[in-house]
């Protein structure tokens, strides 16, 4: 059966034996037993298992158009508003399992691949483009329920306006095509921040707009392809205790630097290369933006609900709900939740069919959502810190509660509506969400999820249709528009 | 024909000869010729005329269920999502005429009256309640295309927490029922801030929650009822030149203090009285909130578009669109527009039918909108000031352009994309929108449109269903909910 | 006696008969009787009279080094910390009279002229520079207690990055030297925003950094010089009633466009010309910045105290001081006052003597102050609006209180701690400070008092000595500084 | 010699063998070898060693009035502005060693003890007060260079407005006097958040205002007093590598819950007890506030400089200094530094001598500082995250650089002005400052350093002398003050 189970996922990744480095050592043995990956792989496996849940089968799967077997809804190319709603429901079912904290649960990349497949017409008849490869790879992925990481950030050597790599460097730094031969294209260099790098089946790589010829490509290869290396940052799984670090221990997705040491991408895995024009066009005109953003915003709504639950529970626990400033702060989260949800609903309600019959959610609405969330999410951490206050540093550990000082903790850490151990569990959750290395990485990620906020806002300004409003004003004033 | 024309409106109001005081004098003669009211009445008349426009007749009117004649859509009780959309379109057509700056264009109060009529079941069988009066008055208003002002603020003597009027005052200050006799109820005291007071056919008065018996009432009476007096604040029509004050000269709606000097409200105009329970219930459970908010938010979207047009025109005029901080500021307005529009669309998309078949837009979404706009609107003025800068105080007058120094102005005030006179027109518009006494009153009004922002946020906190999110978190942690 | 009286000031200005245009007409007759200038000239005259007050004579004046007569302290070049303190006291005595709302009371420009005189060494031996003219003019101004306006903004035709006037325009727009002959230099073109233009004895004109040769000059000429014209913006004195518009009627300083129609500046009034290098150097290295900023910040402290008084009085009046959010908002103003005062005190405490023995207040501290006030001042208006709320639009006029409806106003507008007429006076003051055309111009001025906030912040970044902190960090990490 | 060395400190603490629990285990053996305390004790020891540095001996020490030996300046009761400046210099010398990140370096508590000693007159002749004990203990501490922790937060069981412990609890939770006998007073219950608890010689305990009789006390006892237990929160020393966690590994001060199990405080260590009136008075009227705040603000200036260095180094490293928004963000830190410094300088400049000849820095200025820093410090973390972006999650470890993938890191992580290893060091520092569990605790601490920001602002509102400003406004309006 196409949809896989958690165990299938674990086994498949373990078998890859990809080249992954962490803390100066190559990962050996079962990666699912490695302290840094164990928790998150288990959480990912739980998502795959959920696809088999009978009660939500209609949400989580659909019948494959080729095999009629159940395949994952995240691969579904929406043809109607109902399909969009089904996609949203599926995404949110998965997100609820982890409070929306797994930004790269498999639906994210699956959605992107589906958006590519739905946009395949853009590649037809264009130089160095292989729409048929893209389509057949999409089907292969769907039928095998593959998981992906990806990366589209170049190394951050110099971000000055007038810096171009070639001017100054002798060596290749950013990943690029260095050879094209009968077997495929050869990639050399690095790319940054492949989240879940090493614990997915494949890595999907594609360029954004503005790349030169050698940097214009899109392809997918297995994680254990020869010459491909994942270099991990420090792991934020400092403790495996779910009591002590309820989130870090389960949802630490890891970020990796990807090094391509002359990696051969076989032709049947190349979607396009050496074509800057199409690279730019595919990035901006494909369904990548509307469908990826629809997935992201669906998840962010759930994450906001999770934060709301944590904060309100904390308010109840120490009984501070009567204070005006507390109400005000919780209201900010409620407003954020309603606002993100309104974006989601309005994007679906205003969806339009494109030339190929895909039902495309409204991009302006979603683009506004992605301009909004990076501003509200960091505020959530501030609110947690403001309301949690000293409680966030009165956090003894699981071991303390198991020790002989247990009685003192029970007495002195009790709360208005909770016993000490539950109160500490809750405050630890609040701390892990907003103050641990895991929590702050979440904040950083939401800040930058879809790129630099400055650029997001410039891009909104540039692409937005503003002339009609200017003309209305000119008409009102009786002056000419120049 | 039920829908009236602008001329009908003017004539009807002129004939009332209501008791209106301004600058220490009673208004005598035709009020539509009075400097303080002339502009706004002309603007209001234009709205009535627009109802007769053939091209948008289907939007602006519907067939009266009693007479089959065309009546105004603002009186329509929505029975379907299409009706909601029709209402939105109607409201926005009117708003476009004045840039959304007439907060009390007739659709506002007409909508409220319709929302009351749609909620009439709440009054049935209750003490001192007259649902039949309400219904027949609603029909009468609809068939005669009446205009209304209203007021629900009490005088601001003392806003301390523990102050109650009766404790300290011998005299009656806030309007209340002082007698009930065979002809009706008698009202004495004052209420504040009836916008458009004196230039509407009627005044609709109703209490909010929390009133005592004598303050619990709802009724409507003609503006020229005996004993009813309107005391105006200073008029902000300092100049009648549309060149100099393009907005103040046209859309200054005036705010008035209403004094009831033993005003008799005849029984057939009383909807309820002396019933605090129903007063509270009707205020919070009727369709007042969802329908009034739907009207408000529909207008606010147009107002935001107007501001966007002004700001972008200003950016074009002095050619500052290339600066990142300018793009950022304009983006804020774009985001505001998309956000308010998303609330509107989502409230309609999530509308639900109530027991009487009325299609009710989603209240949480609209309530979030009304929590949001008071925060973004004042920012618009800041943005205009930041971008307009010195241009906002380089504003010679219409007379200057007609004088012999005309040539110097033409030369020294020209702009990148506009001649001097047009540039000055535009900057004067920007100034009138954000910096004139008219403009700042607009800001104050949007800040407080639906009440004190502090209370709005408290109310959101209190009424919002948060428990489910708390329970999800407790389930996640494996702790009990107390 | 050198220090003049209010009457002297009035007479001197009336005699000038300068070429001033307002609302399409040239000002004829006594300017001090003109509605637009009457109030502000009376307020300015009161400042001159205050110099003669015996009780503060030691603060307001010092003995002229040339004549030993009393001259105004605003002309004092500080030689000690006591002198700085004396300057501060003098400035604040004047500011207290008008709540700090007269941004261009005579001490502002007098201070600038003194700062120029104290920097005269920069001009010695430089091409086209006349330090002796500057010094003797300074003495002449001091001994005659002259008043000044100035202007250093060019017309805002096109603010694009790559726009240069000469590329596109055939005609001269920005004021420049068009001839140099035996009598002096000849100026043609316009400059913007001379505040108090036309009601001062002289106009002092000087260029900022970055000007080309023809735009590099500094000189002073009488306001009635041939060819010099002042074009006023609309006057914000809409009403002369001090009850109705307590601030507009008294402190409306007016802003003017200055047109130079081939104005001859005689050689003895030229300080420098045709020397871009010295123009830039004098602007940035003279004592202009530290002394002008010291004057500005001294005034802003008083303005903040005035706002604090208005807000706290309003809080007392309607008895809202018990609410936490009210306390929070008032605290913001208190914090602003303490912060601005700390900048002032610290700039004096850290003052250093320069090569000529002038005691120079610390520039970084003052520069931070001027980066801070534009952010806090607009917040004051927001706070007034938030706390004043409906009270700010319940503002009947002086005439209403004199009319037969007086009794109703007395009853319905009374406040917890004030009778109606006093409450309305106070709310009108709050309104005039934050919401009238006068009040918003104040906000705009404080926003931009020392230039565009964006540039102020860039300039702070660029000029600040940051390397030492970078080096400390590198030392901490044990890495090399490149 | 009274001032001790780092080694003295280490030895003294090791000998105490206090009852400290961490992760369910009692600390055994040398505490200075324990992973959780090793780094911070070494950092603390370095401070003691610095006192012996000849070049700054005059700053770090003064001659004991009793023994004439060198004692630490943090014990100095300032008698002149020079003394205040000496105190500031001393505090800042220590702060520079740790970037101001050790909020509880010994000078903090020493200053508090000195402020108590300087206020001893408040206790004279009062019931249950022992001024002589306080004075002699102060001398003893000074002559032995003792270190202290303290605690003044009660357990956070229920923070509702109408909750009082005694109503609901049978058991004693908050620490209180449960017996008074011939040997002293007996304390039972807990107090929270003793930072550095267990690694100081003594613990100083005192109540704040509003306590009842049993909770009104002040005393000091050795950390190893019988019945006294320290329960640690989770340690944030996750790694001992100074490369990986440059701050956590060195400056993690630890927070502890203090449990008093019937602890006897001998009479000679009791300063007062059972006297709520004096407890409140001593808290609010002693020199505690002005002197403690002067210490805190002195340190915060250095911390701000440290942050400025980190941020500017980061800007240089990836060459982003040319962007306007980057300049803007760095300027915010510069402004914060200048502002905090102005508060410090102005508090000293406006210092006044009290009745006992102590030179007291201006409290309003310092109180404004402590209202300001909690708002700016969290912003620093935001700025670091905004500018560091992806660089903050591209952080391989020390072990990676020592491994065979070293070459790839060198190539792909190089920066504009730094080699890869130095760039990673810098970004790790930025991460540890703003995103690690250590860094976020710093943020939480600065947010709450001197109490809940809401209360700080209420307290400023309540205590500030506002009447004079109200009266000025009333005089301006010609109205009476009621």
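Each chain gets a letter, A, B, C and D, in the order it is written, and its residues are counted from 1.
Everything below uses one rule, namely that a contact is a pair of C-beta atoms (placed from the backbone, for glycine too) under 8 Å apart; a residue touches a chain by one contact, two chains touch by 3 or more.
Note that this is a predicted model, so its numbers are computed, not measured.
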| item | value |
| --- | --- |
| Mutual neighbours - chains that touch chain A and chain C alike | B, D |
| Chain of greatest Cα-centre distance to chain D | B |
| Intercentroid distance (Cα basis), chain D paired with chain A, Å | 40 |
| Separation of mean Cα positions, chain D and chain C [Å, integer] | 43 |
| Set of chain D residues in contact with two or more other chains | 323-325, 454 |
| Chain D to chain A touching residues, read off their complex | 21, 23-25, 153, 155-161, 163, 171, 173, 189-190, 192-193, 229, 231-234, 238, 244, 255, 257, 259, 318-320, 322-323, 325, 378, 382, 385-386, 389-403, 405, 408-409, 411-416, 434-437, 439-441, 443-444, 447-448, 452-454 |
| Touching residues on chain C, where the partner in the complex is chain A | 323-325 |
| Of all residues in chain B, those that touch chain A in their complex | 96, 99, 246, 305-306, 308-310, 312-313, 316, 324, 327-328, 330-331, 334-335, 338-339, 341-343, 345-350, 364-365, 367-368, 371-372, 417-418, 422, 425-426, 429, 454, 457-458, 460-462, 464, 466, 469-474, 476-480, 482 |
